[in-house]
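Encoded as structure tokens, the structure appears first; notes follow it.
So that you can tell them apart, the chains are marked A, B, C, D and E in the order they are listed, and the count of residues begins at 1 in each.
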Amino acid sequence: MAALHQRWWFWAATLAALLALPALAPQYVVHIANFILIYTLPVVGLGFLTGFTGRVSLAQGALFGVGAYTTALLTTKLGWAPVATLVPSVLMTIVLAVSLGGAAVRLAGLYFVMATIGIQQIVWLVLMNWIELTNGPQGVRSIPAVGLGEYSLETPQQFYFLALVAAGISYFLAKRVIGSRLGLFLRALSDDQLAASSVAVEVGRAKVTALALSAAWAGAGGFLYAHYVRFIHPDMFGLEPSVLFLVMSMFGGYRSIEGMIVATALLESATEYLRPFGEFRMIAYGMILLLGMMFFPMGILTLVRRRAGAPAAGKD
Amino acid sequence: MPPEKALSRPVLSTSDLNVHYGKVHAVQGVSLEVRAGEVVALLGANGAGKSSIIRSLVGLTPASGGRILLRDRRIDGLSSEVRSALGMAYVPEGRRVFGDLTVRDNLLMGAYLVKDRAKIEQQLEEVFGLFPGLRERHRQIAATLSGGEQQMLAIGRALVREPEVLILDEPSLGLAPVMIKVIYETLKRIRERGMTLLLAEQSAHIALKIADRAYVLETGRVTYESDAASLRSDPALRESYLGA
Amino acid sequence: QDIKLGVVAGMSGPGTSYGIGIRQGAEMAVREINAAGGIKGRKISLVVVDDASNPAQSVTAMQRLVNDQVDLVVGGWGSSQVLANMEVAERAGLPYIVVGATNPKITTEKNKWTFRVIFTDSVQAEQIADAAVRRLGMKRIAVIHDANDYGVGNRDIFVASLKKIGLDPVAVVPYQSADKDFTAQLSRIREANPDGLAIFGTIPAAPAIMNQARDLGIKARFIGTGGLANENLMTLAPKASEGTVLTTYFHEDVDPQARAWADRYVKEFSGGSQPPRPVLAAWEYRAVKFIAVPCIESSGTDKEKLRQCIGRWKGTLFSVPGDAYFDKTGQLVQQSVLVEVGKGAFQAFKGK
Amino acid sequence: MFDQLFIGGLATGCVYAVVGLGFTLVYRTLRMVNFAQGHVFMAGAFLGLVIAERVHLPALPLLFVVGAVAFALGMVLERLVFRRLYHNHEVFIVGSIGLGIVLMNGVRVFFPEPVPFPKVFGSEVVQIGAARFQEGYLWVVLSTLVLVVLLHAMFTYTRTGRALRAVAADAEIAATVGVDVKRAIALTFGLSFAVAAIAGVLIGPLYFVSFDMGDMVGLKAFSAAVFGGINSIPGTILGGLVIGVLENLAGGYISSAYKDLVAFVILLVMLIWRPTGLLGRETPVKV
Amino acid sequence: MTLLAASKVSLSFAGVRALVNIDLQIEEGELLGIIGPNGSGKSTLFNVLSGIYRVDQGTIVFRGERIERFGIAQIVRRGIARTFQNKRLFGTMSVLENVEVAAMKGVQGSALGDVFGLNSSLQARKKAGAIAERCLVLTGLADSTGLLARDLPYGAQNRLEIARALALEPTLLLLDEPAAGLNPSERAELQELIRRVHAEGLTIALVEHDVRMVTGLCARAIVLDHGEKIADGASAMVVRNPRVQAAYFGEVESEEEAHAA
């Protein structure tokens, strides 16, 4: 009765396919795979917040940007080695998220959404207008590639394994988070905050922790992104990616990390496989979201799960 | 029980009613009937399926098999609001008042299908007369009422429209003895006016005080059916079916 | 085997109308060349990718061209997109001629494989500053600009050029591309009482600014650069745009060849859903036909040879007065064109 | 300058408010946020454009016709689309974002460029003190007032309004007292579409209409609705006006690059001070 | 020894005086009954003791510490647990998880530490699991651990509330109408359960409308009416008090009848 993703051979096959990809697939496909792997970080991170505390955030794109900008500026302006900037990027993102959003997490539902829209706009405006620091609308160019000793990860193939390892680590850590005490607390408080506090859950602390974690994931993702694309611009971190990340974190199924990853792959590559639609491409994209939710409201993963024989969660 | 009532036609009846929740078979082929002017009690332990039957009667949970008749009309398949318009009123389990609305607005919602304003006012007065606590609090937001006050409100909401069939799921829940008395007095009075009542209760002895007949349920099946008098008078019977 | 010509541009998103112009220019050039027998018997096939006017997607789009093994890329719209996707071309060693991005940073000395035919913001902003003071006699110039790279780049050079001439702008205010209401900015400008208002932005903000400025009673004459060089300016601000003076990338009345080409272009594409927009189409067309094709003819498709050939290119292009050539940063050096809005159309500027 | 900024801000604020009403209406009955609302506003503007260009109607009838058509479309879309999305909030958010994308790109196929809107509200410029503005602004302000008063009265004092509130509180139980819940929700969507479309027609002649006009306005309108108190119709209006005026004043006096930033920072600070919005009222806890 | 002492506690809501100058002492190891008509302030009293409402006036001392300004979680950590009259379960979580959350109270160290494996709280987690098990067995829910809390029948939800509160291993347990929705035999079981945990040394305050249960379990009872304490003493005496009779049972009701109810 185990769902597909609980069988060992499924994992073995997935792993083999992932490892073989750069050798078999054209560079362009590897390139898209890299984006997918990179994006799984902010998406899974956002999943902690939305799926597990019930708080919808539209600021994840901005936090992703903070990670990217931190490493970009440290490497281009101060000449740090890229590997040395991973920790500062993640820390910077956490600090910013907690200082801007720490007070906001106590807000209920929609008020939190609106606060995150505010945070998103503020970060974007600062990236755009604080020209002395961020180069403003010129963006940051010539960001160095991540180097491992002599070897530097220039091509999509080379970068792929870094992205894969990062996504893998993020996946397993994420699983640990939601399986941990913290995960239990977060689910409890998203069901009923008052009841959660009356069983001794420090609601405020748990929520801020969730926010910090989701920021950490975004920051790490931003780090990878900056060193892969090697040019960043404020518009890459506006509301659009925030909405995209939100959609990716919800499209795959309620509280399912695997679902988030599958959704990221499906939606990030959509712009490519929908190319035949030409100017109707975006319409097709919207249709995927809309019809997906209309007909698979428990998430697209239910497709797989049903086939594997597990009962679909049923509620009248 | 006056004999003419025993002969009167069923107002509400089910035959071979089934309810499933996923794989849980909560109601298994229940047939019951409530005749005009009668008070029928549904008794049974926790999880026996009383609420499931009632929810499928009022249209909140779809029946997975069987039929439900209101007078001679088949109503399973009809939506809740249509059943309500046909004369059913419902006091849900666990109060479920409209939390964001005031007490008064809650009662007005009970009278949603009543068009005659004067009539509504008169009914409101009657409910407030019954539950003076609610009158004092008529502008309070229902969510902030005490548990018992909410229960009174839920009952009041069903009474304002003077329904033909009144279905109550554990009306005594959370009420103080004095309030239980008031409510059962009221139910008696209503029934005298010819209203038909179906009543689920945990505490058999309260329900049996006014019931004409009772069905005892166990894990989704009717295990015993009789007139209330025999259950009332025979402690052994009560003991064996109701554990009390 | 065909020669593969890559085109990247925004064919959806905010740059749609420009992107489609670029595609049309390429199609026109390629059709003509193939009809004439191709290059040494080899046909050109076009690989067009849409980057949705989005910098992140632009990287993917260019990667796709690299993957499809195109021989060179002619295209690119939007400075943010080009700044992002040129990194890919540089890394892959793919010759790339940019036609639709004006940010000076694209051609610095760091770019090896990237060239640009359209002139930069710096040239345009400098020329319009000069024209404003010397030819239009403006004394109190205010500036309103988009806060994006285009607007900020123009503003910096424009203000610097004014200073060189000895003039300070009376007000400089930014707006965000998505703004619809400009009363806040324009109120400040009105306080400054300017006689010229320089607008560095694009459609639809620019015509909206013009309309609202007139509503607020600002009488200053408008000036601007290539961002305004779009027929929609007159559709959206029919009255307010009258008299605006701006630099543009192409004008059909500069020489008869340009006129003939423009007529052909309009005839060929006016049936489509897009209104014909010759400006960037002209650049794409000229870059393909007069720069890329001759180089492939002489140097073949070896990338390094092709790159060197383009770098050495020198010649004439219709609508460009005099000779044009690439400088050592890969920028095509040329004279720009000044136009004035009159009777709902761009006219070659006839002022002093 | 203050007059100009203030009046300009009021008019923009009114637009935020009216679009925000669309959010409020849906939220009040469904407890969900329709992320396509901004695009409905955009589509409404184009609907108005098409109608105004085909049949030359005076302003008031035009508003009525557009409102009525949008109302019908809202009911239809509810039936075909939204009804399948009530499952939970996540589904609704993603689905409505998808719908927004479809709407926006659908309109783009027909109108890839910004289009001027016929000046149905006149093109005169009115001067009050030092402030000058188009006649259309007056229409915006007046229509906003009328809409708010009507909707507020409907929700607060009528039987239908009460039923909508009851549906919001507990749809199942509302059905058992005789409320046709599906119709109530369809009505809500009809109203929210009508309101958004009217806002589109009001703003069309002031600016241009373009397929992407709903993005920013939708965002600001959402903020306005939440900020004012998403449960409260007067709150939405207040929220809209505060945001409109704030950003205009900030743009005029502080920095136009940071005008949105100023507005959002103030919103954030105020939210922390009043976590349920200006006029919002969260049902108090009672356990 | 006095475990909890409230003195002169008052609270009103927009004109409704929900608690008026309440003085209350709960002795260690006591099982105190609290009765009163609907809306008399019983739940409000619990809300005040558990930190959900702040008092307008008065002090609450628990084990020598003033707690009336403490937050909810702080008070639980001091050892006061409660159940809710209107069930507040974690609906989308399983029965087991509902109880586990509470049992985690005793686990030391930051929750984040678990994720990165910094502190080996595995032992503590196991202990929490054991506590949860025990509470579920105690409340007769051992068979339904996998069900979602929201799918439980009403009566079982009640027991889950109790199991969750017990898993907090409190010193003082506040039960708000635990018998509501139970049938007579289940009431008997519940009564047995309460007696057992009380015998293990837990101090309990019980709000109940089932007077027989209150008199059966509690040596002492207090009666609230309109927010005021109108009686305090041996439970058998208290229910005979004429003022209580009038307010709670209705004038004509005899005690026998009340018991029958």
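Convention: a residue touches a chain if its C-beta (ideal position, glycine included) is under 8 Å from a C-beta of that chain, and two chains touch if they have at least 3 such contacts.
These numbers were taken from a predicted model, which means no experiment stands behind them.
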Subunit C and subunit D share contacts with A
Where the contacts of subunit A and subunit C overlap, which chains show up?
-> D
Looking only at C-beta pairs in contact, point me to the busier pair out of B-E and A-E.
-> B-E
Chain centre separation in whole Å, for subunit B relative to subunit A (CA means) = 51
Dist(centroid_CA(subunit B), centroid_CA(subunit C)) in Å evaluates to 76
Find the geometric centre of each of subunit A and subunit E from their Cα atoms only, then give the gap between the two centres in Å, rounded to an integer.
-> 43
Rounded to the nearest whole Å, what is the centre-to-centre distance of subunit A and subunit D, using the mean of the C-alpha atoms as each centre?
-> 31
Where subunit E touches two or more other chains at once, by residue number = 43, 52, 84-86, 88
What are the residues of subunit A that contact at least two other chains?
-> 128-129, 194, 279, 282
By the touch definition above, subunit B meets two or more other chains at residues 21, 144-145
Footprint of subunit A on subunit C - complex, ascending | 11-12, 49-50, 52, 54-57, 59-60, 63-64, 66-68, 80, 83-84, 87, 91, 103, 105, 110, 147-153, 174
Touch list for subunit D against partner subunit B, complex | 159, 162-163, 165-166, 168-170, 172-181, 231, 283-284, 286
Which part of subunit D faces subunit C closely enough to touch in the complex?
-> 1, 4-5, 8-9, 11-12, 105, 108-109, 112-116, 125, 132-134, 203, 206-208, 210, 212-213, 215-217, 247-252, 256-257, 259-260
Hey, which residues of subunit A end up touching subunit C in the complex?
-> 26-29, 31-32, 35, 128-129, 131, 136-139, 141-142, 154-156, 229-231, 233, 235-236, 240-241, 271-272, 275, 279, 281-282
Which of the residues in subunit D end up touching subunit A in this complex?
-> 27, 33, 81, 84-85, 87-95, 97-106, 108-109, 215, 219, 222-223, 226-227, 230, 257-258, 260-261, 264-265, 267-268, 271-272, 275-277, 282, 285, 287
